[in-house]
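After this come two complexes, each holding chain A, first together with chain B and then together with chain C.
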Partner chain A sequence: MGIDSIKSYMSELLKKGQREDGRKIFDYRKIEVEVNPLARACGSARVRIGETEVLVGVKMDVTKPYPDSPDDGTLMVNAELIPLANPDFEPGPPSPQSVELARVVDRGIRESGAIDTAKLCITPKEKVWTVFIDIYPMNDDGNLLDAAALGAIVALKHAYIPKYDEKEEKVLYKELTKEKLPLTCLPVMTTFGKLDGNVFLDASRREEKSYDGRLSIATLENGAISAMQKGEAGTFTEKEVFELLGTAIEKGKELRGLIKKV
Partner chain B sequence: MGGKFGAPDKMIIGGKRLDGRKPDELRPITIKAGVIPSADGSAEITQGETKIVVAVYGPREVFPKHMSIADRACVECRYDMASFSTPERSRPGMSRRSTEISKIMAEALMPAIYLEKYPKTKIDIYVEVTNANAGTRCAAITAASVALADAGIEMRDMVVAVASGKVDGKLVLDMFEIEDNFGSADLPLAYMLRKGEITLLQMDGELTKEEIQELVEMNIEACKKIYAMQKKALQDKYSVEKKAMPDAGEENGN
Partner chain C sequence: MEKVFVNDKDIVIPGEPLAEGFDFLPAGKAFREDEKIFASTIGLVYVKGRVIKVIPLAGKYMPKRGDIVIGKVTNIGHSGWTLDIDCPYLADLNIGEASSEYIDLRKASMNQFFDIGDYALTEVTAISEGMFVKLTAKYRPYRRLVGGTIIKVSPTKIPRIIGKAGSMIKMLKDHSNCDITVGQNGLIWIKGDAEKQALVSRIIKVIEKESHLPGLTDKIKHMLEGGK
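Showing the complex of A and B:
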């Protein structure tokens, strides 16, 4: 079947409020969250949304702070779209897609102030903790964004700060303290697709190949929104955006429920 | 985000902003079409102190060939900041930020272009920020639309873009650098007026659903004003050429 016939088939289904895998318009696939599957990371998570699987690891290191925020720890988010996860991913320098993925996850966390960076200061102007979040999809069956964002916040929530030997100025990477990485809130991402004017949640890879555009919305438990990003060449109307903000806040509660359970 | 190093105590005093504007007032904007003779289309925009040049090349042959699409044109955008465009020299070449902006800019402009009229070709949009003072991605989209039209590429509509955000707890339009650095939220939006479609939407910071609605509406109102300037830029260029036409005709006649 060519992409156009798949597209018109999906469009027909969506018009009737259906999806090819039997889901309703605003249903997530089954979400599974595994906490700290990786022993070498400070914190980690494996998130499955249907057949999409993402591994997120948090590592920490001591670095010099940025001159404009001398008392704050820093955050770095990186995504490696490794060719193992999707036949369309190619080896080589970071693709625009991987840069966008990492930066959207970064903004959802950074802009919400979820990481209490003031508590990550060791010596003002000299030494602060940098939190590295690395995202590795293991299987891409669509909606890497929500899976990565969920994995990132779960990994952060269960991360412990490594020991730091102040005399030797060395991080003892293999020894984690009992001190948890300080978090203030739980931002989660919900991503909607749009195909022929029909809006839906959590696109599978087949749906992603057909959809015109997507809109990601990061929400917090207080009902605020901390990041948005429209992606791909499709468009959204004002009315659609306003309605999706409400849906994102509701769906965010579901996702946060999952985080609190694990 | 308040209390950041170097932040002014107050950014809105007596209902006015530090540069004297009202909350919903745009910075002065000038747009000029056709500034790069080598390009198929080009435009320059100044928005406050932000200054950007955009060149469009194409539709032209696709290289490498495997990128060509059988039934439509592909669009590639390269957003680049000149090393002298920022307070501290920025490293030349593409940063991760530039890579992301290039991607979403192309995606914001593609809905406006009749891509199916130019199969197997490529349209390159080159953006150079020569002076950065906030709002560069939006100003670049506004200018790129003019450059695409200047290149004679068939379009459904112009794409207009502007950012708004939250500064000192107030919702404001078109932030300049200080507001952008020390404000608490930023919402860039690109819009096609005729169809009422949003082609770029980003947000970072912390806002309520209602604040987002208000900002989106404020952006769209401002887009209407910028749209008129885009049209005028094209009229200015082509009406001048029209005046020059009779001379050219006489020469041919002789």
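Showing the complex of A and C:
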């Protein structure tokens, strides 16, 4: 019994197009987005997908640009999986899971060109803005990837650039300018799971424990794909991947609607 | 100096003084310190005559002798199994307590009875001073749980899920044709048709969430009959 029995029960449900919590296979749980809950961040967001809750903060600092892109601002994404969110998470050095979470969110934003890095340049070769995105899951009930990616883009969208004291070379975090962080598009992530040949969207934690594989797709408004990541051991067929791309674009519109509302 | 500081069915927090004087008796999660009675956890207080009782609203399961619990096998040792019964302590099922018949280890292997990852319905027989929990699965209905699904709820909500004299659980069983076994530690085993299993687990989550609201039984009945 144990996990195998729960797995076969879930796959039986999926075959009938049902889920344990009463959703259809391509339904999200209830999504709630809260803007700027953190007073001291340049921008922040709290996203809830069902019981999953993620807090994302955006902070900016002035740094030296990379030599190969002297007039572009830089982006850094960091995720920390604290035991508060899930007893399976251990404190200590970053786990492969937290590195993956940060990198997938990073790639979705970076490769889409959502942040207009050219506008983040203060003096070429010397000073550019670095955007730090910090992801803190508060509760893990499955699908942290989508929640974190959604939180990141909402936090960016509502972030203001802090004041910079050129003489003292200090960032004045307590005074934000009226200038918004320059965004060009809104990448959103949709993550699918696969169990015994059945594909479904937005896995809960119980579903995550029994699924074979997962596929995350980040899409843009114009239907472009900015990032993809496959996780776990299971495989997806070519046909499935193409079908999921279509579903991801459709679901992306739904999520983008949510972002625009708040 | 006899005095009660709270009303019946008040919500109390840990350390809150409930009554003063030796006329009163603490029960449940209430305790006495000198003349006063305090609450040791967040919960509802019941004042019945001289008895001051605190029923916890939240909290982890604490093993008690005679409790029927569902555990997950996490380790197989030389002479027994270690079970996770979702409490702060490990529980031990000795080989002599696993079956009513003699188990000859030369002929049978331990994992034929309980393998790692299996769930088992057991009873708490003893808790030692060092908080080692001893379990038994010798007699029926204690056994390995085959098939079905396991869900987890807060152990403080178990009485509501069972209902008065088992009324709620009986209604669930009758309408869904599922086999439902409730462990005192908050683990519930449901076995039946896959769709019904999902329905029952959804309904149990509703009971857990709305256990304090009136009209719950009618709502559950409505859900069981196919309503939202």
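The rule we apply is simple: the second predicted complex is superposed on the first by the 261 of 262 C-alpha atoms of A that agree within 3 Å, B and C clash if a C-alpha of one lies under 4 Å from a C-alpha of the other, contacts with A are read in each partner's own complex, and residues count from 1 in each chain.
In this text, contacts are C-beta pairs under 8 Å (C-beta built on N, C-alpha and C of every residue); 3 or more make two chains touch, one makes a residue touch a chain.
Computed from a predicted model, the values in this text were never measured in an experiment.
Contact comparison for chain A: of chain B and chain C, B touches the greater number of residues.
Of the two partner chains placed by superposition, only chain C is touched by A:9; chain B is not.
In the superposed model, A:257 lies in contact with neither chain B nor chain C. Once the two complexes are overlaid on the shared chain, A:220 sits against chain B while remaining clear of chain C. In the overlay built on the shared chain, the residue A:241 is in contact with chain B alone; chain C does not reach it.
In the superposed pair of complexes, A:22 makes contact with chain C only, with no contact to chain B.
By the touch criterion stated above, A:111 is placed in contact with chain B alone, chain C being left untouched.
Residues 67-70, 94, 96-97, 99-100, 102-103, 107, 110-113, 213, 215, 220, 223-238, 241-242, 245-246, 249 of chain A touch chain B in their complex.
By the touch criterion given at the top, residues 1-6, 9, 12-13, 16, 18-22 of chain A touch chain C in their complex.
Against chain A, in their complex, chain B makes its touches with residues 1, 4-6, 96-97, 99-100, 102-104, 106-107, 110-111, 185, 187, 192, 195-209, 212-213, 216-217, 220.
Those residues of chain C that touch chain A in the complex are listed here as 72, 117-119, 144-150, 194-195, 197-198, 201-202.
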